[in-house]
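As written, the chains take the letters A, B, C and D, and residue 1 is the first residue of each chain.
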Amino acid sequence: MGKKEVEKMTEVINEQVEKEKHIRGFGAMILSRTLDKKIITAQRQGRVGFYTPTMGQEAAQIGLSMALSKDDLLYEYYRDVPMMLHRGVPLEIVLNQVFGNRDDLAKGRQMPSHLVARDYNFMSVPSPVATNLPLAVGTAFAKVYRHEPGIVVASFGDGSSSTPDFHSAMNMAAVFNLPVLFFCENNGLAISLPVEKQTKTEIWKKAEAYGMAGFKADGNNMVEMYRVAQQAVDHVRSGKGPALLEARCFRMGPHSTSDDPSKYESDIVQDGSDRDPIVVTQNALKAMGLINDQLVDKVKNESIRIVNEKFDQQEKVPPPDPETMFQDVYGNETWIIKEERGEIL
Amino acid sequence: MGKKEVEKMTEVINEQVEKEKHIRGFGAMILSRTLDKKIITAQRQGRVGFYTPTMGQEAAQIGLSMALSKDDLLYEYYRDVPMMLHRGVPLEIVLNQVFGNRDDLAKGRQMPSHLVARDYNFMSVPSPVATNLPLAVGTAFAKVYRHEPGIVVASFGDGSSSTPDFHSAMNMAAVFNLPVLFFCENNGLAISLPVEKQTKTEIWKKAEAYGMAGFKADGNNMVEMYRVAQQAVDHVRSGKGPALLEARCFRMGPHSTSDDPSKYESDIVQDGSDRDPIVVTQNALKAMGLINDQLVDKVKNESIRIVNEKFDQQEKVPPPDPETMFQDVYGNETWIIKEERGEIL
Amino acid sequence: MNMVQAINSTLDMKMAADDSIILLGEDIGKDGGVFRVTDGLQGKYGQQRVIDTPLTELGIVGMAIGMAVYGLKPVPEIQFQDFIYTAMDQIINQMAKMRYRTAGKITVPLVLRTPYGGGIRGGLYHSQSGESYFVHTAGLTVVTPSNPYDAKGLLSASLDLGDPVIFLEPKKLYRFQKMEVPENDYKVEIGKARKAREGDSITIITYGSMVPTVLSAVEKNGVDADVIDLMTLSPLDIGTISTSVKKTGRVMIVHEAPRTLGMGAEISAMISERMIEYLYAPILRVTGPDTPFPYRLEDHYLPDEKRIMDAVDKLLKFR
Amino acid sequence: MNMVQAINSTLDMKMAADDSIILLGEDIGKDGGVFRVTDGLQGKYGQQRVIDTPLTELGIVGMAIGMAVYGLKPVPEIQFQDFIYTAMDQIINQMAKMRYRTAGKITVPLVLRTPYGGGIRGGLYHSQSGESYFVHTAGLTVVTPSNPYDAKGLLSASLDLGDPVIFLEPKKLYRFQKMEVPENDYKVEIGKARKAREGDSITIITYGSMVPTVLSAVEKNGVDADVIDLMTLSPLDIGTISTSVKKTGRVMIVHEAPRTLGMGAEISAMISERMIEYLYAPILRVTGPDTPFPYRLEDHYLPDEKRIMDAVDKLLKFR
C-alpha cells in the first residue's frame, strides 16, 4: 500500500475507534444510571446506609473520561462513580464500598460514595471537599519528576471552588507549570446553595487569575463534552501547563440520600426529561447514526440485569471483622493501639 | 454671591485643600522614613528587638490614606506604619509598641511592627499574613448592617495573595457586595520569593475571578497613587461592591531586621536613589509647585528632631509588669490562669 | 422538645430580642441546616440575619470574627465539626488571641456552633470529636450539652458571655430525647458541671453523647456512681470534680474522642496533681481508640455499656 | 556542629543518597530558610529538589502529601509552627488518615519540619508549642530532638519510617550547643525515649528546649533526678517512663506548651492509669501558662530553673 492508502486506512480505523468510544461511553452512562437508581431505591428500603446520587453528571464525567488515557491519574470526588465505571472499575468494587462490607477495599471504613480504586488510577476520596486538589499538584510534580507519561485530573463541584484548597492548588499548579487538569462539575448547586450565590463569576473564568487556561463545556451532551475535554486534555498533556475545565451539568436529585431538595429547589431535572443528559446524549448519538432504539433497550435491560445480580450478590457479604478497625493507622502498629484493641475486643 | 461665584470659591478652596493634602502626605512620608531609619539603626545597636522596615512603601500607603475619610476602618498589616502616621497615630504609640514597654497599648505582647491603634480605626495586626482579610469582610458587613458610613480597607503584601484567606475573603466580599477595599502593596518580594514566582498573573487582575473591580497604581509616586486610590475608594464607597487595588512599590531593604537580602536579591532600591518613592514624589510635588528645597529640608530636620526626641523618651519606659501576662485571655479570669499566675509570679 | 428544637427555639428567642445576633454558615438558610437546627429562621429574620455562605469554613469563621469585633454577635455554624480544620488558623490565631493581642481593646463575642461525634454512621469525616483541639487553645471557652434543657441554657449563656465560645452539639443526641424546656430565657452557668446522678462509690466524669450511655450502664447494673456531666470542657469545673473524687476515691472518665490527649488526660492529670492522696485506685479512661473513626464498625468504636462496666468493675475491685 | 548544621548535613547526606527526597517550603531555596536550615541545598540539588513555594502552608503540605502518595519522600518546611494551622485540615484529614482510609493502599511517607517554641522573643505568633494538636491526631508520628546528635539520628529515622512524621525543631536550641556528630548515617529510634541523666529520687520527664533547662536545674542543685528526654512525643515510650517512675515514685513533667492538654496531661494520665500504686506524691506539671505567648515577658512565660526547683522541692517534701 502507498502512503495515501495507509492514511486513508488509518482514518477509517480511527473513525471506527471513535464510534466505538462513543458507544462505550453511552453504555457506561446507562450502566451508571441504572446503578444509581438501584442504590437510591435500596437506600430507601434501608439496605444501604447513605449515598450521593450521580444522576445528571454522567455525560460530563464520561465525556472527559473518553479523552483520557490509561496513564492518567484521577483524584476523583464522591460523585464520580460514572467515570469510575467507564474507566473499568468493576461493579463489585463500587458495591462493596457502598455496603462497607468485608470485601471493601478500604475495609468498610468510609461512608458510601468514598471509593478507593488505586489499581484503576483513582486516588481515593476524602469528605472535605476540594482537599484532593493540592495533592493532585504534588502528584503531578512527582510524575514529571519521574519522567512518567500521563496527566493528573482532579475533580470537584462548583461549591468547592470557594475553598482554600482550590486557590492554593490552582496557584501552585500554574506557578510550577504542572500537568493538572482541574475538572469542575458544575451542577449548579452546593447542597442548597445555587452557584450564583457561591461566586460572582463563571468558574472557568477563574483560570485566568492564575495564568491558566480555562475551558467551558456542555456537560449534558457526552459528544460535546468529549470534544471540549479533549482540547483541555491536549493542552495539559502537551506541557502547556495546567487547565481548568468547567462542565455545566445537573444534579438530578437530592444532594445525598439525607437531603430534601424540596426545601430549597423547585427546578430539579427529571429522569428521562429532555434536559436529562442521557436523553440529550442518546439523541445526539442517534443523529450521528451510532445507536438505535433497539440497542438502547438492550443496553438498558442488560444493565438492570447485571446491576441487580451484583447488588444482591455483594449485599450478602458480611461486615468487616472488628479487628480491622485497628489496622492501618500506622505501618507498624503502636503499643497504644494494641492495648486499646485488647480493651475493646 | 451668586451661584457661579460660590462654585468658583468652592473650586479655589478645594484646590487649596488638595494642595495641603499633598503637602501633608509628603510630610508624613518624610516622618515615617525618618522613623524607619531610626528604628533600623537602633535595632543594630541592640536597642530594639525586631522590626519590619517600611522604606519604599510610603507613597503607596499615604497615597491611599489621602483618599480615605475619617469613618473608614483599616485592617492594616505589619508594614503600614507610614499610613498609620498619616492618619494621626502618634509616634508614642508606635514607639511604645516597638519597645513593648509598659505604656504599649497591647502591654508589650506582640513583636514590634504589630500595632494596635483602635482609636484611630486600625484593627490590629496578627503575624499570619492575610488573615485579617476575612475579618475585613465581616466588619464591612457589620458596618452596612448598622447603616454606618465608611468603607473597610484591608492591606497585605503580594505574597499574601497566595493565601487561603485571600481567596475566601475576596469571594465573600464579592458575593455579599460589601464595601471592602483590598489593598495589595506589591513590593515584588515575599521575603526572598520574587512575585513572578509567587503567581503567574498580575495581582490586580485576580479581582476579575471574583467578579470584582481591579485597579493598578504606581505606588512610587504619591500623587499618582492618590489619583488611582481615589477611584478605587470611590468605587467601593458608592456601593458598587468591593475592589482590589494593587500598588507597585519597593521594599527598600531587608524583609525584617532578621533578614539578609544579599542571599537572594541584588536589586534593592537605595535610599535617595531616583527610584526611591520619596525622591519620585518630591520631584512630582516640586513640578506641581507645591514644595521647594527649603521646605523639604525643614521637614526633614524637624522629623529627625521629633523622632530622636520621642525615641529617647519612650525608650526609658520600663517593661510591663509580669502580672500583665495573665490578663485579657478571657473577659473573666479563669481559676486556671489565676492558679498559674500564683505558681509563676 | 428535642435538642434540635431546643437550640432552634433558643436562637429564635435570642434573635427576636437582639438584632445584633447574626447566623451564618453553609445551607443554614432556606435549607434550615443539614440537621434542621436553623429551620425557619431565615424565613423569619431574613437573609441579612441568617446568611447562606459560600463553601469556606475559613471564610465563615473569619467573617464571623470580623462581625464580632465590630459590635455584632455572630453565630457561625460549621456543618460538621470534621470540616472545621481549614478554619483552625482563624480560630487559634485570631479568635482565641484577639482579646489578648489588643489588651482587651477588641473582643470577639461569638458562638461557633457545630455538630460533633458519632452516632449517625458518618465514618472518618462525619463523626469526629475534636474537642481537644479547642480545649488546648487558650482564649476559647468550650461547651457541650447532653440534653435539650442544658442545650438551651448553655446556648443562652454562651451568647451573653462576651468571649468566643465553641459550642459542640453531640449529633447523636439531637433527637435522642424529648424534655420539657421552659419557654423563658434561662441560663446554665458556663464553667459549672452538673451532677447527673448522685452516688458514693465511684466518680464517673463524662459529657455530651456519653452521658446517657453512662447513666444507663450504672443504673442497669446498680452501681452507686456519682456521675458528672461536665457541660463546660474549658474551663473545667474543678470544684465539682474535687468534691466527688474526695468522696469516692475512685475515678473514671468516659468520652468518645480518642484517648491520647483526650479530655480524660487533662482531667486525670488535674486530679492526680491535687488530690492523689484521696485515690484508692488508678484513674481509668474509657474512650474511643486512637484510630480514625470507622463507618461500618462505628458500634465497636464508641464506648458502650459493656466497656463502661468493665472499667467500673476494675475500679471497684482495685485495692 | 550545632542543631541547624546537624539537620542541614543530614538532609544533604540523605538527598545525596536518595533522589526521591524533595524539600519544599517558603524561602528554603536561595535564602536557605529563615533559620538557614536548608542553606546551600538548592545550590547543590537544584530547584526541582529544593523548591521555593508560594505563600500557602495549606498548599505546601497538600502538595507534599501528593508527592508522598506517588513515590517521593517530601520534606515540607513550615517556616514557623505558628503558621501551620491553615494546613491543619490537610494534616488531620489527609496526611494522618490516608493510610487508614485506603487500608494501606496509599501511604504518606514524609517528614514535615518546623521550628517551634520560644526563645527568640517572637511573641504570640513566632513562639508557639503546638505539639498537642499533632499528638492528639491518630496517624501522625511526632518527634522532637534536644541536641544536634539526636536531631540527626531522629531525622534520618523519620525519613525512613514510611509514615508521616511531624518533626518539631526547638528553635531555642538551634544554635544553643555544639556537639560531635558522626559523619555516617545513624538512626535514633523513633518511639524510644532517652535517659538524659540517671538518678533515683525523682523522675523528670521533658523534651525539646526544656531538656537543658531541666538538666542545669537539677545539676546545679544536686538533685538525684532521673531525667527522661522523650524525643518521640507520639507514640510515647511507656517502657522508659514506667521503669523510672516505679524506681522513684515521684514524677514531674516539664514543657513550655500551655498546661491544659499539654503533653504533661497525657503522660500524667498514663502513669496514674497503670502505676498509681508506685507513687509517693502527686504528679506535677511545670509548663507554660494557659495564655498566648507574650513578647516582652517571654522570660516569665517559659519554665525556668526556679520553677523547676519549686516543683522538685514540693515533690521531694511530699509525704
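Going forward, a contact is a pair of C-beta atoms (placed from the backbone, for glycine too) under 8 Å apart; a residue touches a chain by one contact, two chains touch by 3 or more.
Just so it is clear, the model here is predicted, and its values are computed rather than measured.
Contacts with chain B and chain C are shared by A, D.
The greatest centre-to-centre distance from chain C, using averaged C-alpha positions, is reached by B.
Each chain gets a centre from the mean of its Cα atoms; for chain A and chain B, those two points are 47 Å apart. Our note on geometry: chain A versus chain D, Cα centroid distance of 40 Å, whole angstroms. Centre-to-centre spacing of chain B and chain D amounts to 37 Å, using the average Cα coordinate of each chain.
Multi-chain contact residues of chain D (touching two or more other chains) are listed as 54, 56, 58-59, 82-83, 85-86, 89, 93, 97, 100-101, 124-125, 138-139, 260, 290-292. Residues of chain A in contact with at least two other chains: 107, 109-110, 114, 126-128, 162, 164-165, 167-168, 171, 175, 197-199, 329, 334, 336.
Taken chain by chain, the contacts link every pair, so each chain touches all the others. Within the complex, the chain D residues that touch chain C are 58, 82-83, 85-86, 88-89, 91-93, 96-97, 100-101, 124-125, 132-133, 135-136, 138-139, 234, 258, 260-266, 268-269, 271-274, 276, 279, 281-285, 290-292.
Those residues of chain B whose C-beta lies close enough to touch chain C in the complex are 73, 105-107, 109-110, 114, 116, 118, 123-124, 126-128, 131-143, 145-146, 164-165, 167-169, 171-172, 175-176, 327-331, 334-336.
Per the touch definition, chain C reaches chain B in the complex via residues 22, 48, 51, 53-54, 56, 58-59, 61-72, 74, 86, 89-90, 93-94, 97-107, 138-139, 141, 161-163, 191, 235-236, 238.
Interface residues of chain A facing chain C in the complex, by the touch rule stated above, are 49-50, 100-101, 104, 107-111, 114, 126-129, 159-160, 162-165, 190-193, 197-199, 258-259, 263-264, 319-320, 322, 324-326, 329, 334, 336-337, 340-341, 343-345. Residues 26-27, 29-32, 34, 52, 54-56, 58-59, 82-83, 85-86, 121-126, 259-260, 289-292, 294-297, 300-301, 307, 310 of chain D are the ones that touch chain B when the two sit in their complex.
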